[in-house]
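Order as written gives the chain letters A, B, C, D, E and F; numbering starts at 1 within each chain.
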Amino acid sequence: MQKERLVYLNGDFVPEKEARISIFDSALMFGDMVFEMTRSFNGKQFLLREHLERLYRGIKQLQIPIKEKISEMEALVEKTVEMNKPAFLATDEHRLMINVSRGPLAMYRMVFDGKLEPTVVIADFPVKWTVASLAHFFDDGVHAVTPLQRAIPAQYLEAKIKNRSRMHYMMANLQVSLVDDPNAWALLLDPDGFVAEGTGSNFFIVQAGKLLTPEGRNILRGTRRAYLLNLARRLGIPAEEKNIELYDVIHADEAFFSSAAFSLLPCTRINGLAIGDGKMGPMTKRLLTEWSKEVGVDIVAQTRAFAKEVGDLSGTNIYRFERKNNQ
Amino acid sequence: MQKERLVYLNGDFVPEKEARISIFDSALMFGDMVFEMTRSFNGKQFLLREHLERLYRGIKQLQIPIKEKISEMEALVEKTVEMNKPAFLATDEHRLMINVSRGPLAMYRMVFDGKLEPTVVIADFPVKWTVASLAHFFDDGVHAVTPLQRAIPAQYLEAKIKNRSRMHYMMANLQVSLVDDPNAWALLLDPDGFVAEGTGSNFFIVQAGKLLTPEGRNILRGTRRAYLLNLARRLGIPAEEKNIELYDVIHADEAFFSSAAFSLLPCTRINGLAIGDGKMGPMTKRLLTEWSKEVGVDIVAQTRAFAKEVGDLSGTNIYRFERKNNQ
Amino acid sequence: MQKERLVYLNGDFVPEKEARISIFDSALMFGDMVFEMTRSFNGKQFLLREHLERLYRGIKQLQIPIKEKISEMEALVEKTVEMNKPAFLATDEHRLMINVSRGPLAMYRMVFDGKLEPTVVIADFPVKWTVASLAHFFDDGVHAVTPLQRAIPAQYLEAKIKNRSRMHYMMANLQVSLVDDPNAWALLLDPDGFVAEGTGSNFFIVQAGKLLTPEGRNILRGTRRAYLLNLARRLGIPAEEKNIELYDVIHADEAFFSSAAFSLLPCTRINGLAIGDGKMGPMTKRLLTEWSKEVGVDIVAQTRAFAKEVGDLSGTNIYRFERKNNQ
Amino acid sequence: MQKERLVYLNGDFVPEKEARISIFDSALMFGDMVFEMTRSFNGKQFLLREHLERLYRGIKQLQIPIKEKISEMEALVEKTVEMNKPAFLATDEHRLMINVSRGPLAMYRMVFDGKLEPTVVIADFPVKWTVASLAHFFDDGVHAVTPLQRAIPAQYLEAKIKNRSRMHYMMANLQVSLVDDPNAWALLLDPDGFVAEGTGSNFFIVQAGKLLTPEGRNILRGTRRAYLLNLARRLGIPAEEKNIELYDVIHADEAFFSSAAFSLLPCTRINGLAIGDGKMGPMTKRLLTEWSKEVGVDIVAQTRAFAKEVGDLSGTNIYRFERKNNQ
Amino acid sequence: MQKERLVYLNGDFVPEKEARISIFDSALMFGDMVFEMTRSFNGKQFLLREHLERLYRGIKQLQIPIKEKISEMEALVEKTVEMNKPAFLATDEHRLMINVSRGPLAMYRMVFDGKLEPTVVIADFPVKWTVASLAHFFDDGVHAVTPLQRAIPAQYLEAKIKNRSRMHYMMANLQVSLVDDPNAWALLLDPDGFVAEGTGSNFFIVQAGKLLTPEGRNILRGTRRAYLLNLARRLGIPAEEKNIELYDVIHADEAFFSSAAFSLLPCTRINGLAIGDGKMGPMTKRLLTEWSKEVGVDIVAQTRAFAKEVGDLSGTNIYRFERKNNQ
Amino acid sequence: MQKERLVYLNGDFVPEKEARISIFDSALMFGDMVFEMTRSFNGKQFLLREHLERLYRGIKQLQIPIKEKISEMEALVEKTVEMNKPAFLATDEHRLMINVSRGPLAMYRMVFDGKLEPTVVIADFPVKWTVASLAHFFDDGVHAVTPLQRAIPAQYLEAKIKNRSRMHYMMANLQVSLVDDPNAWALLLDPDGFVAEGTGSNFFIVQAGKLLTPEGRNILRGTRRAYLLNLARRLGIPAEEKNIELYDVIHADEAFFSSAAFSLLPCTRINGLAIGDGKMGPMTKRLLTEWSKEVGVDIVAQTRAFAKEVGDLSGTNIYRFERKNNQ
């Protein structure tokens, strides 16, 4: 790589390592930062507008007084990507992290000479950092485990706002790390016993030819979740949002997780029991294939290439807590 | 002030404005940072050990692999205070903010050349920043308002860990900001309808000569809460942890909030209704007086002096969201 | 007006002011009176049969042993309206209040010389009393506020029976009266966090071209709610009963309240946030226009005319508690 | 009886049969009337002050703007009793019903020529009307039955305010009326499965020598409940408020109901199972005896005398719904 | 009957009376036995495959390590029926009870000389034993009563697994036995207040021409439930799974119970109130008629013939607890 | 051993292997069998009366019409032990399993020639079968893990009745078996997030010198639980029943499980975190020592001797599901 990556930070571009948030920022005091994490296919950001619209719904609801309109934010995003192109390999894809908070609290204005403004951050780093460690799941499948930790009901902490108050995701990951299976990921139920989401991903099952995903209540409504429901319908597959119970997952024909980073990963076991025949199912495959076609990238092949390129992947799987590596 | 304040940050002391956390830190990704905010009386940190023990309970539960033992952390705290003394006025008190997170996620190790370590921050700033805007409440009393937002049950998000996943506090403040009363603060009920806490403070009522505070379940168990229960008992006042309903608050004889920053503030109205005769009550006064004696500082007088010194206080009350100032 | 209004009361017609219920009536002892409040357009009662059917569902469920069949009740209603015609202006519309209870409790039979019978009341008064104070909302829009008070789950107190045990509506109004906005009305959520209803009205949102209203569970199923769903479908607008969250309201394109009295009023803010562009939306307008056509009355114009005619409207808005006027 | 009874009604004394509330009163529109029902022993009102204090707590919480202070209300009560003395037999006791509501709604001010004021009613009738039908329970014991209907959690409808929104009591009575046992009364559990109260009475059990009654949460905190806890303690009996489960009742040694009207009635069966040996237990007897001593009236004997005097008692038991009589 | 009935028990055929399970079996220790109860029409097992598939879903979820595959189990079933034919009258139908548990616990292996294997039982007895006592319900209709006992949420005890942990069914039956009506059966609500199921049967209502049955959440998903939804759709009747409230049942046009044993029985009263006109409704009749046609058996006539044949039926109705017979 | 063990079964004594329950018994149909499992110390049954009293509370609540009074049952128990003495080693202790159900359902009376009676079983086998596999826990400590499965609220399934509807215990064990730690046992929370019990044991923590155990609500109230609370009090240790949260366990000083079989076993980890210093604590030790003294048996030594004697213990730990052995 010939050049270091830069991060947009309130009007400036700073080196990645210097992209930091003041300890006096509301993002840290209240965890009330909204954010988005996107990715490109062939260098083109996928569903960027949908990401930004969700970001702005969070900004509205949290009443963060930023001055940038959504189109200006979009321009900043594009500028950041442009700026960083030299720092990426030709084979790389761009993963953007967009953070917005209301900035330092007024109480601490002395620290900032009275100048307080919302915090806007746009980072751009290679998708491979996130997905390289996940390539083997296309073969192994994710092994979902339902921990004690429940998804928090939206009325207590609004999961539909993509925000930074997510200690419970870490708790779920810590609990599932007790299971000595490197493929185990947390799948959270909500207090009603309905499947909610992974710790950073949405969940789908295939049941008698239908594609089902939990109702958009106590979960983040993922951009890929919407894309997949839409894709399925375009392919003539009945697709529905529905309350899903653990029982439905155990007896489903297929299951998978989706996220902006990895697109789609098969889920082949639930609490130790095989889902269907314990392998990636035909509808999962079909959706992945059609998705690859639509974005012009063989998602599986690309992910595997990333894994090969990166090499040592220990501890980099964000969807699980590895006792050995971190403790 | 002759010298700038410095913040301890992973082994270094950096200027306050430079005290920042990487956007790749788990504290921001998962909101899973634990912290403490202390204060001194006459320059001496009050209940510091209790603060640190709570910090380390959070560190244990979140499995943050820091290398500093509690005594080493205490030494770092003392060093930070020592270092900052020249930057404080003689009349100032020291407010410490201690932050600990597991540091940047392994996924982003490239940003840090593979060097990942937990994040430890100790900031030291004047208590007056926090409390100056609160002086008038000793006269006016806080007007508690119970918003829609509920305290989150501990089993979903452990309130007893002082952590950074607190978007719901901001939500509560946003909701109460609809009430056009500059003295209105949020008082959260939990889903069972029991009083929990303020957005950063504990709550007490006086009922027929008894001091009552909510059971330590869905709340942060404040160091001052424990101190007050203990102080009351030493004064021969029956003091109990008990489920408290809104009804009990409405018909209480007295009520008050407590926190490490402001110690104790009378709460004189609840949802527009006067508590008792609508003024600071005798037991509240007595506890405040005894507390002042024990720490050798007239808490009310000192707070009023801070208010006078600071002057313009608009927007600096952390316990409420001011529409005019922030939006 | 040339003649005083009369109220049907168990076989007699009495002056309005004399229309009273014994303090020994079950309606007061248990709040178990069922009732309906209707209105006319151009003097013709609208959806009267639907009102009476709902009344009789309540009578069945509460096992009130009235002797009048539904057709006899309908005849009594018509007779009451006929009787009162001379007391109404030509421009007036008739608002009926029909009350039915099981009558005085047997325990108090001595008071009534042993003669106990169910209580049936039919009052007829001008619609303008109720709606005149609401005319300005066609311009301003209602500003919904979600108070602490929740809609009571139907299994504890059956909201689908239109009954007189509604202290919680008053509680909700008292709580919202803390918000110093003359346009603020309570919008109740149920304990699951789903939008339920106003304190005497139903609620709708428009989302991506669809008309949505809460499932008919913890709410009164309004006659106008059914009418509007039906009207929308006749107009080719997709219309659905669905669990609606606060999030959905905040990010809806339009919203409105409906009731038998005012028909439909735009809701333009929720907890201080603008819904859509903060004005009455096009679908709301269209539904109101079509409704006006179907009943042959320009609903907005008529309501404004009533407002003009009545003059001083202070304190007469039944959907909110006005601190100044009542306390 | 030489004279008819009179009821105090907003400044006037009217014949009992004329004691009525306008259909436009908030008491009927919202069920938000507070009330008390007292009784005398030997003509002297028992715990009157406690009744009035509870009344005024309700008035405060519902923000009913009455002008009478509590002492003035007490004077009115005394005057009403005085006024009615001639209408009572020497053997009679006085049962007072005190009703307070905010009066007719402003919307209906035309009906009242613009004169709106809170409604205050004080009725005075013989205790025997209420208790005569209950005399046999001193022998038979009440047979408690737990219906589907639950006590409503206080946060949804505040049971501690003695108010008129009590359709759920009627529902509970209707459900229990399916049990073909003339001694069956409803005993309500709350949604957590804890025993709450009867439909107009409190509940106690005796367990290993201790007197236990449900915590004062989802129930009316009866004046007799407080009296009994106090009486027990004065007699050296350990007495406690505690969460009580159905299991505890089934396996209790004794149980009883209390109310202002009947004082105390043994409960000898629960859902068909005998409690203890199925008869009034020794502690129940002792409490009743001591109570009788303290008020100078043999409560059992007096109630039996009332029953004899009244004769036909069919349908007058307010604590149960009798299918035959009412339907 | 010329021959005694035999029961398949782990490879052997034993006399019916000898068909017993060791007290050391997990079925008794944990109640974790799965089972099915089927019936024939004209000697042909109805929906046998569906029964077995449900059985194997339970086996999977409970991780019972049986060696028989589903087809082998089917063969065993057929063999058992074949074997028992001589012991049945020509008019008889076969009711099979298939039980599977993981067998004796390893802790007790000494009792079994170390030989532990899952327990598989297939019994075959006349359908008339179960249904004879139910014939009169085709005329009388079942009178549903909703007891205190709730259906257990699936996340606590999975109702969709047909298992032997059903003490709560017995509790519900015990509670309903207080109602002195020989036709009263328990209808369980779940904790959300939604109708769930009978104690061994599913429930349907007819509402405005639609067939509705509770969502398949906190209930056993009956084979007949699926059959009826399907049958209705084939007949052009709209049929839906939906949350049903007590209110919906009270005001339904028709209602009925279904089970494998009795197929379908009208439900004509709910908590004492007539459903529709209190008789079997036309859609219920039609479904029963079509069902009879499809299986080639007049279900009503056959059941009545069984009743006649059996004679004394006291105490044999499994859906209710009869105080007189059993206690 | 010179003689085979016999089991009391409805009046007869049968060989252990023949101790079986009819598949038509209500115990299997409804899981409504009550039972007790006791043990001796030095051949003397410990707390036998307490066991029998609990048994009879269950019999009462489930309305099982057995004819044996509690004293007769006690005599049967003694006779069974006497009868089996020759079949036990001198070093053995007697473990009794007492089962009572209402017997075969009336529906199946043909199988039993019309003779139906409750089922009463008393088995007597060596304590070592149960406890031998647990000896190593005195050194290793149990590692508690909180699975998804919750304790069922008592109002849905009465945990205080020791009954056979316990599939959820097996579910909890299945879930915890995913954790690859041979010392991991399930510790169930109830839906409120409070610690309930193990799958067949009670739970205690030591906190600042106090002995705490969960309130006796959603748990079996163990005979050893009562004994330990009592023992502690006799030793001057404050001992209390209290709501305990996961947080309290994580930060407790000590913890242990208790049961009739193993008496007391230290719990040294919770969800992978050490409790206290991760070893059996001093108060746990003291209680165990005092208990040993009171019963005249060194409990630890005896258990270790049993383990040595038995040898191969694989799969015999009833408190956990071992994947390898059973699947």
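In this text, contacts are C-beta pairs under 8 Å (C-beta built on N, C-alpha and C of every residue); 3 or more make two chains touch, one makes a residue touch a chain.
None of the values given here were measured: they were computed from a predicted structure.
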Moving only from a chain to one it touches, give the least number of moves from chain A to chain D.
2
Examine where the copies chain A and chain F touch and state whether the two sides share over half of their residue numbers (same) or under half (different).
same
Whole-Å gap separating chain C and chain E, where each centre is the average of the chain's CA atoms
46
Separation of chain C from chain F, taking each centre as the mean of its C-alpha atoms, in whole Å
59
Where chain F touches two or more other chains, by residue:
63, 153, 155, 158, 174, 189, 191, 246
Which pairs of chains touch each other?
A-B, A-C, A-E, A-F, B-C, B-D, B-F, C-D, C-E, D-E, D-F, E-F
For the complex, give me every residue of chain A touching chain F.
145-148, 174-175, 177-181, 184, 189, 191, 246, 271-272, 323
For a test of understanding, state which residues of chain F touch chain D in their complex under the given definition.
57, 60-61, 63, 153-155, 158, 160, 217
Please name which positions on chain B make contact with chain D in the complex.
189, 192-193, 243, 245-247, 250-251, 273
Would you tell me which residues of chain E are touching chain F in their complex?
7, 16-17, 19-24, 26-33, 62-63, 65, 97, 99, 102, 105-112, 121, 123, 125, 129-130, 133, 149-150, 152-153, 155-158, 161, 163-171, 174, 191, 314-318, 321, 325-327
